[in-house]
Structure formats: C-alpha cells, structure tokens
Amino acid sequence: MRSARLSERPTPDDHETDSMPISDWFKAREQRNYTTPTEAATTSDLPDGVWVRCEGCKRTLYMGDLERELMVCPTCGRHHDLSAPERLAMLLDEGSFEEVDAHLRSVDPLQFTSGKVYSEQVAAAVQRTGLGEAIVTGRATIGGHRAIVGVMDFRFIGASMGSVVGEKVTRAFELALAERTPLVLVTASGGARMQEGMLSLMQMAKTAAAATRLAAAGVPYIVVLTNPTMGGVTASFATLGDVLIAEPGALIGFAGPRLVEQTIRKSLPKGFQSSEFLLEHGMIDMVVDRRELKDRVALLLSYLTAGDE
Amino acid sequence: MEFERPLDELEDKLASLKHLDVSEQPDLAAEIAGLEAEIARLHETLYAELTPWERVQIARHPERPKTDDYLQALFTDVVEVHGDRLFGDDESVFAGFATLQGRKVAVLGHRKGKNTTENVRRNFGSPHPEGFRKAERLMHLADRFGMPIVSFLDTAGAYPGLDDEDRGQALAIADCLAALSSVRVPVVVVGIGEGGSGGALAIGFGDRLIMLENAYYSVISPEMCATILHKDARRASETSACLQLTADDLVRLGLADAVVAEPRGGAHRDPEMVFDGVRTALSAALESLSAVDRATLPDTRYERLRRIGEVAGG
Amino acid sequence: MRSARLSERPTPDDHETDSMPISDWFKAREQRNYTTPTEAATTSDLPDGVWVRCEGCKRTLYMGDLERELMVCPTCGRHHDLSAPERLAMLLDEGSFEEVDAHLRSVDPLQFTSGKVYSEQVAAAVQRTGLGEAIVTGRATIGGHRAIVGVMDFRFIGASMGSVVGEKVTRAFELALAERTPLVLVTASGGARMQEGMLSLMQMAKTAAAATRLAAAGVPYIVVLTNPTMGGVTASFATLGDVLIAEPGALIGFAGPRLVEQTIRKSLPKGFQSSEFLLEHGMIDMVVDRRELKDRVALLLSYLTAGDE
Amino acid sequence: MEFERPLDELEDKLASLKHLDVSEQPDLAAEIAGLEAEIARLHETLYAELTPWERVQIARHPERPKTDDYLQALFTDVVEVHGDRLFGDDESVFAGFATLQGRKVAVLGHRKGKNTTENVRRNFGSPHPEGFRKAERLMHLADRFGMPIVSFLDTAGAYPGLDDEDRGQALAIADCLAALSSVRVPVVVVGIGEGGSGGALAIGFGDRLIMLENAYYSVISPEMCATILHKDARRASETSACLQLTADDLVRLGLADAVVAEPRGGAHRDPEMVFDGVRTALSAALESLSAVDRATLPDTRYERLRRIGEVAGG
C-alpha cells in the first residue's frame, strides 16, 4: 500500500519539516524499500522491495526508473500520485522553497465522534505523513520565476479541506497579493472535510473570496489539478485560476463518480471526469505530462507576468 | 414525519372513536377525553426538544413554505429574470427583482415544487450549472445597479448528474462564490429549509445569515455522511447530530446572525407566523446594512469569512 | 400588404416627423383603410377595407379591435409587426417623446449597384415609411421614468444596420451615458445592411463598444427584441442589454432559419429561434405580452435605477 | 482556382510535350519554346490585375498559409489554452500565448485544417459559440496581464448550425465584441485569408488592421449576397466587386492600415515571403502601439470605431 510505503519514512517533527530541504525527500527515499505506487494497492503478490507494479499497465517496474520519470510509468504513462514533498521537489527550483504557515494544525471544533474520532484521525495523519496538514505552502522559484506555491497531499485525510487547509490556502492568496507574486497551487482533494461541518463548507467561500481579490489585483494564479480533485475544492479556489492545468488521467469533478452513477442509474462513460474529459468539455486549459510540467508552469509565469516588465 | 408517528397513531385512533355513536357505548366519552389528554402530553414532549435529525425532517417537509411562498407573502412587484445567457434556464433557481416594504432588492432562491409536476421541472430544487450561472448573472446585475441581494436557501444540494459534470457544475459554483464575495451591495441570506452543501453555499453566504428554527445548513447530507462513515445511511440521525447543522448550531459556531422561531411542529403548521418572523428579521438586516458605505461591503464580508475556521498554532 | 397599407400614410418631411406627436399616428390612421397586418400579405381574398385577416389564426378581425389590443390578435395572441411610430405610441408616455438625430440620412458609400440601386432603395424607403432611417431615437418617459429610447422599423429595408442605424444607436448609447439615463432599445432587424459592405459590419463593433461603455458606467440598458431580430444586430448591441425582453413569437437568432436548414440538411424543430425557444435556452430574461410591455419596462426601470436613490 | 484554368491547360500541355522524345519530333523544341512564352505572357496578364472574385478564390485556396503556419513561422514558445469553461473546446479557434521576436503576446486565430480530418475537427474554420467564448476568455486574460493581442482572421463565418443557435451564437459574438472593444492592451488584427462577417469581426477589429494582399473581409459572403439579390449564387463575381471586400478596398474605406504583398498567384506560391511581410508589419504595429499609454487604448480604439460609417445630415 502507498500509505504503508510512505509511513516507513522518518516522521520529522514540525521543525524538521520546516527545515528539511525538499530535495532530500527523494534522496532519503532511495535508501528504503517500496511496494506499489498506487493508492489501491495489491502488494501481496509482489516482493517487498524495490520493485513495484504499475496499476495502469500492470507491469512490474524498478522503483528507481519510476522515480527518474517523476512517478510516471515509462510504459503506459500513468501518473502515480505524489506526496506534497515529492511534488515540491519536482516542481520547484532546487533549494528555493521557503515554507510558510507550517505550524497551523487542525483542532476538533465539533468534537466529531461519529466513526473515527476526528482528533485522533488528524494525529494519525500527521504521524503517517510527516506533514502538519493536507497542504504545504510557501515561497519558491519555478524556472527562475518567483511564485507563492501550495501543494496538497491526498494522503492526509484525503486532502479534504477543513479550517487549516482553507486558512493556508487563503493565506497563500493573501501572501501572493501582498507581494504581488504569482500563485501556483497544485490541488488534490476529496472535497470538504465533513468532520469540521459548516466550518469546512465555509472555507469554500473564504478561499474563493481570497482568489477573487487576487484576480481583481491582476496577480496571476495558476492551478495544477492532480488526481483526484473533487467536491468543494473543485467547486471553489481550484477552478478560479487564470490558467487551469491538469495532469493526465486525473479524476476531477464535483460529485463523486459513484454518486453520479447512482443518480443517473446507468454506468458512466469511459473517461468521465478525467482530465481529458474536462479538456474536451472546455473546463481546463491544458493537460500536461508531469515531466513537462515545471517547464510549462515556468513558461506560463513568464507570459502572465509579461505586462509587469 | 417519522418521529411524529406515535402522535399520528393516537390522532387516527381519536378520529375513529369520534365516528362512533356515544349512546351505544357509554365509556366512549371518557375514552376520548383520555386520548385527547394523552395527545396533548405527547405533543408537549415530542416537540419540546427536537433532535437535529427531527429538524432535518421538518426542514424537508413537503408542505413547508418554499421560496415561492416567501416571494408571494413578503414581496410586491416581483419580476423574474431567466437564463444564464449561455445554455439554458434552470427552474430550480429563482432569480429576479422584488420589493420588500418599499425596498427594492434582487432575490435569489432555490425553488422546490408544490407537486410532482412542478418538482420534476424544478429538479426538486437541486440546481444544474445553468441555475448557478443565472444566479451569478443576477449578482452582477444587483452589484451594477446597487440592489441589495436577498437569498433563500432550500436545496438538498447541487444536482450530481452526468450532464451537470459535463457542463461544469464545480466551476459554476466556484464562479458564484467569487461573484457573491465581491458584490458591492448588501447580501442577506435566509435559510428556510434545506441548506445542502455547495449547492446552498453558492447563493448562501453574505453579510447576514438568518436561519429558520428548523432549517439546516450542512457540509454534507446526514445520510451521505452516514454512508461514508458507516456504510449505512440509516445512521443519519447520529451524523446529523455530529455535523452541527441546526440553526442554533450555526449561531454557536458564529455563522448565523438570527434565528426565526417556528410554530410547534414546523413552519408548515403556521406559515403566517414564519412569514412575519422572516419579514421582521429580513427588514432589520437590510436596514442595518443600508447604513453601511457600499464600497466597504466586500471588505467587511471578506473579514467575516476570514474569521471562519478554527486552527491551532497560527 | 402591410407596406401598401403603411404607404397610404401621409409622408411628412423631416420637420413634420420631428414635430408630429406620436399619438397622432394612431389617430391619423383611423381615417384610412387597411388590409392585413402581416408582412406576408394575402389581401386578394379580403375586402379592401377595415377588416384584416390574422395570419396567426386566419380569422378576420376588425382593425379597430386589433389596434385597441396594440395589434395583438385577441383570438390567438399573435403579435403583429409594428411600425416605429406605433411602437413609440404604445411604449412611451403620451407626449413625452423628443426625437434626436432625426436628420441623419444614409448615403451610398460603395455606390452599390448589384440588384436594386441602393440610393434609390433608401429614397423609396424614406418615401414609403415617412422615416429618415430604420431607427427612431430620442428622449422620453416610460411610466414616468426618464429614458433614452430607440425603436427600429422593419419596413425600412428590413431595418438592416448600415452606417446611419449604427450611428444613431451609438449616439443613443452616448446620450444615455452623458445624461446617465437608462436606455431602452426596441429591436427588429434582418441584420447588417450589405449594401454598405464593411462599413455596415463595423457598426456591430461600434455599437457593441458603445454598449460596453454604458455598461461600465453602470447605466441601465433594456432591450426589447421584436420580430424579427437577426444577424448582425442580434450579434451586437441587441443582446448586450442588462435585461433582455422579447415579444411572444418573435424570430430571434443569428443565422437565418433557411440557412440553418440548409446547413443541417433537415427540417428545423417547431419554434426554433422563437422568443420562447430563446427563453428555454437561457438567452433572454423574459417573454412579455405587448399589452403588458410598457408596465414591465417601467417596473424594470424602477428596479435598475433603485440604487441611484 | 477557376480563373487559373487557361494557365493550367497550357502547363499541362507543356508537361506532356516535354515527355516526348525530341529526336523523333524535330518541331518539338520550337513548340515548347512557344508554349513557354505563351505561359509567361498569360502569367503576366492573369495576375496583373486580379478581380475581387479572383482574390476571394485565392483567399480560400486550400494550400494558403493558415493561422497554424503563422504560429510556427513567426512565433516561439507557443502555448495553447483551451475551452470556454462553460461547455466545450472549439478547435476552430486558436487561443494562446506566443512570443514574437521577444515580445510576449496573446494570440487568437481562426483555424482551418490542412486536410479533411483536421478540417472536420476544426469545422473548416467556422466557429461555434464555444470558440468565441474561448476567445473572449483569452481577451480578458490578455487584458488582465497586459499582453498585446494578435488576431489572425481566416473564416468563412460563424457556423450557422442548429446547435450553435441553441447555444447562443449571436450572444457569444456580441460578448466578444464587447470584450475586444474594452481591453486595455494593443490589439492588432491580421487578415490572412477569409474574413467572413460576424464570425471574423468577433476577433477582427482593434487598434490596427493588417490585410494580406489577397485576403478579403466582408459583411456577407459574395455567394450569399448574390443569392439574396439575384437568387443566383453564381453571380458572386459581380457581388464581390460591389461589396468592396479586398485589402485595397479596406484601405480606401479607412478600415485597414497596411497591406502585405503576396507573391504572384497568392501566398501559397511563396509562404516565406508572406511570413516575412507579416512579421515586419506586425512588429511595426506592435512597436508603434507599445509606446501608447495602455489606459488610453480603449478610448483610442473607440474613437477609431466611432469614425466608421458614412452618413448625411449629421
């Protein structure tokens, strides 16, 4: 399982998260063993080791090869999910990342106890991922262009948006506005975090409002939609970008596919809610292979800031 | 409603007793009197402290006053505008202009039907992207011409259909949020029934939030929450308590500004009382906002949103 | 034929047009005889007199009844075409109209001679309609609300938009802007006037630009789309209103129905490009019976100017 | 092209003669020489003064350089953006960013295909409403981020389909006109082929209009004009002369600012020459506009539009 693999990582405390160079994440990982790069894992038939099976083409790959391709299967092109640190490492100029708001932590405002105890769930996610919450934000450069960046991590309670995610996203907008620096957000989310009830829902309005203020000020905002970006995140800040990029094969939508299937009472067409489907339906600007993503974002930044020269 | 079933049974029994001939059954009068007393007692306890799940059921009651009823009861000179100017006109969303006690406002509202035909046309109050885009258009009109916005919430949620995804349900909602956050006119929201997630929020935040006593507003439907957490929609009673979705919860969370009292058993038992309450609360809200410099409203609204959420370590 | 009927009117010279109270148009007409109120006329089987046949329900009606209903058939509700003076009379407060730009006349910039000689065609239209061009503009009140108004007249070369129509529409926008008074335009048009070539086409951009400046200034602009409004007029200023009203059963669209039929190579669905069709497809705000039109426009003006109070 | 047929016949004859063996036919060399002289003469007269209708045919030539060719020849770092964020992505309209000799611009263009497959996908360059709405979106992006707009015109017109009417073809064009009139960045339009009516105009006016020598721009297609006036599309030659749709006509009417020369017979005979001409004209236009205060551009553009039209009695 992906989570099993990732839980083998050292779990730095907050200060270590702040100070550990992102590039070290990749280096550090090579010293350990992995199984399969997919969320829905079938590890039992695989040796516990450096060989992994691609869920796209079912082939067995050497993890080193996969990593060199930024976790894109060299055979079938499947884009496997990345953690936030992995994403930051592949998107940003090495050593340029300076995290902000690292200390924000979720509380349990509703004392939500149906199902798992929410506060314990958060603690477990922190423990497992080594992250403070489902998004990491900060300053960086991308191909030499200054940017405020935010990267979500689906491993952290499905990167659902509660108070902290909403707050960190909002602060990223505000930082971009204050410094008149373009914002680049890489999204992945199951939607609003129901364990924070209406406080979660209102983060949609809060982040959308922050995005609107940035837009009004004429500061560029680029979104990279990755697998999966659903529900309240898609329906708020994630689709308010000036340019919307999606990674190939990502699931992107409002309602979950199972709910849609139940609603229409027939099976869904192939590719429904995929990046390619959204492109065809005019909802996003482009689908970009992860291996070209950094260059593309850098190029877009050069265009969107051209008027400032 | 389900929780009223014991009461319904007693009332049925009472009705059948009353059909009988008293002269033939001497004990009948006493039996009727006893039953009536029992009904009164049950009435007292049943509605004394409603659970969140019971309130959700009241909020969904088919006879509960709807947006159209408020339009008729509270407003004059109602003019509806139609269409998104892009694809279609979604009847599940009302958009238009209306006059409230001499005050000209732009009105939005989710629109459930009174019967099946109407409900089918209105998609049971669950908007398509066109509905949100129509609402967005009205927001811009209201903004341009300085009309306060009054919005009535009553939806189970945005419609989770195939075509809705095709036509950008998420983007339509996001665009509404962006527009509503930036209009330079007062925005007063009234939760009159269901407040289902993003489909409610798209027209459901502003400078004031008034909630009817039994209206709810939730990040997710209690049933879906129960399905996700327990794979059992029947545990909705439990999740509806956890989600803190009632009017009182919203006040406590700092999200709602006022609660309008409902008659015992719900608004449908005495709509006029609720209309009066909403009229008063709405007028007060609009009045207090009319004193504010309109140019400052987006910033004030942003500050209001900005405070929402509980975090540690910030 | 409608044109035959209307040509029986006195043809006032420009000064008379300017000074003749609009209400007199209706009065004056009662002294004359009419045939059928439709453009596609079938007069032969009707007595030449005060009886007309409704093309909607094929019934024969007394012209007086029809006029009392503002040329709406009391039986089938068909909205028969109105001339600009008739439209002004029914829409404006009596005696409130003050025409502007009445002296603008079309020239023949391309010396267009294919088919009819354009300059002769214009002269004939002036002669026949008593109008200077296909639109009449001015100041007025509607239900007590001040407005700049413009009304197109389909009898004038199909109310196509050449330099003069474009200029008068543009000036109406500019007048509304200068006086910060709402603009109400009643459209009817076959589209751009091809006899003025590219000068006509560019009127679309010119009027749209003027509309955009009015919108940016926050001055209301209401459009009443009447039968027919097509082509370059629909694709420019006519659909840029804050509120779009259509009369029932009007033909409104971009491409002509015959061209669409040729393109798709099957017959068109019933009601295609009708007001009701446009309403269903979200393109207009409302379909309003002509007999309620004045009240509705007045009410809308009261709303759209509420913020000025 | 039809008007080239006499030339084509001579050239065919010449080619067939050249296949013969000179040694067997002693007169052949002289005959070939004569034919070549005749071809040269005809070449001279045929293209010396092209009629408007002949230019329309050249403008429609399938091998004529298209928007994609200009993108490739003139620009570097081309990034295409897609979609209207409402309904679909129309491949008949290009929208994106590109760099012209170091200058970063937003690019629009009608997009014909190079072959049938491509043409079907691109609807032969006739946009649907989605195409115009994508273009409008790019206009707003260019406006917000201060990128000049370069627009290449090459369309027979907006597509007159049933679904296009359903989805508001007219409104989509009108919205483009509104957006293009108000962007606070330079707009340079290049007529490279067909300029068909509203579908061209939607992305086809601005601060400068550059026309290729044989490009046309017209309120209506010559054929449709002939059909309306004479019920005979074959009289398009006559109407194309009346409509004054050539590059020179547009200069005379005060609508076009510059004409880029084409090689004899049309741009497809020597694309590089035309690319050079367009590059030079485009750079000059952008350079002259770069000196202007951007905030004044909408007013200047409005004044430019404002002067268009001839009226008497004003």
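In this document, chain identifiers A, B, C and D correspond to the written order of the chains, with residue numbering beginning at 1 in each.
As a convention for this text, a contact is a pair of C-beta atoms (placed from the backbone, for glycine too) under 8 Å apart; a residue touches a chain by one contact, two chains touch by 3 or more.
Since we're looking at a predicted model, the values are computed, not measured.
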More Cb-Cb contact pairs, comparing B-C against C-D, go to C-D
Per the centroid of Cα atoms for each chain, what is the distance between chain A and chain D, given in Å?
44
In whole angstrom, how far does the Cα centroid of chain C sit from the Cα centroid of chain D?
34
Chain centre separation in whole Å, for chain C relative to chain A (CA means):
55
Contacts with 2+ other chains: residues of chain A
215, 239, 281-283
Residues of chain D touching at least two other chains
85-87, 167-168, 171
Kindly provide every pair of chains that touch.
A-B, A-D, B-C, B-D, C-D
Using the touch rule from the top, collect the residues of chain D that touch chain B in their complex.
85-87, 133, 167-168, 171
So in the complex, the part of chain C that touches chain B is made up of which residues?
215, 218, 220, 239, 242-244, 279-286, 296, 299-300, 302-308
Would you mind writing out the residues of chain D in touch with chain C in their complex?
158-162, 164-171, 173-175, 177-178, 180-182, 197-198, 201-202, 205, 217-220, 224-226, 228-230, 235, 238-239, 242-245, 249-250, 253, 255, 301-302, 305-306, 308-314
Spell out the part of chain A that touches chain B in their complex, as residue ranges.
101, 103-107, 109-110, 112-115, 132, 162-164, 166-167, 170, 192-194, 196-206, 208-213, 215-216, 231-232, 234-240, 253-256, 259-260, 263-264, 268-269, 272-273, 281-283
Parts of chain B lying in touch with chain C, wherever the complex brings them together
77, 79-90, 97, 104, 130, 134, 141, 144-147, 185
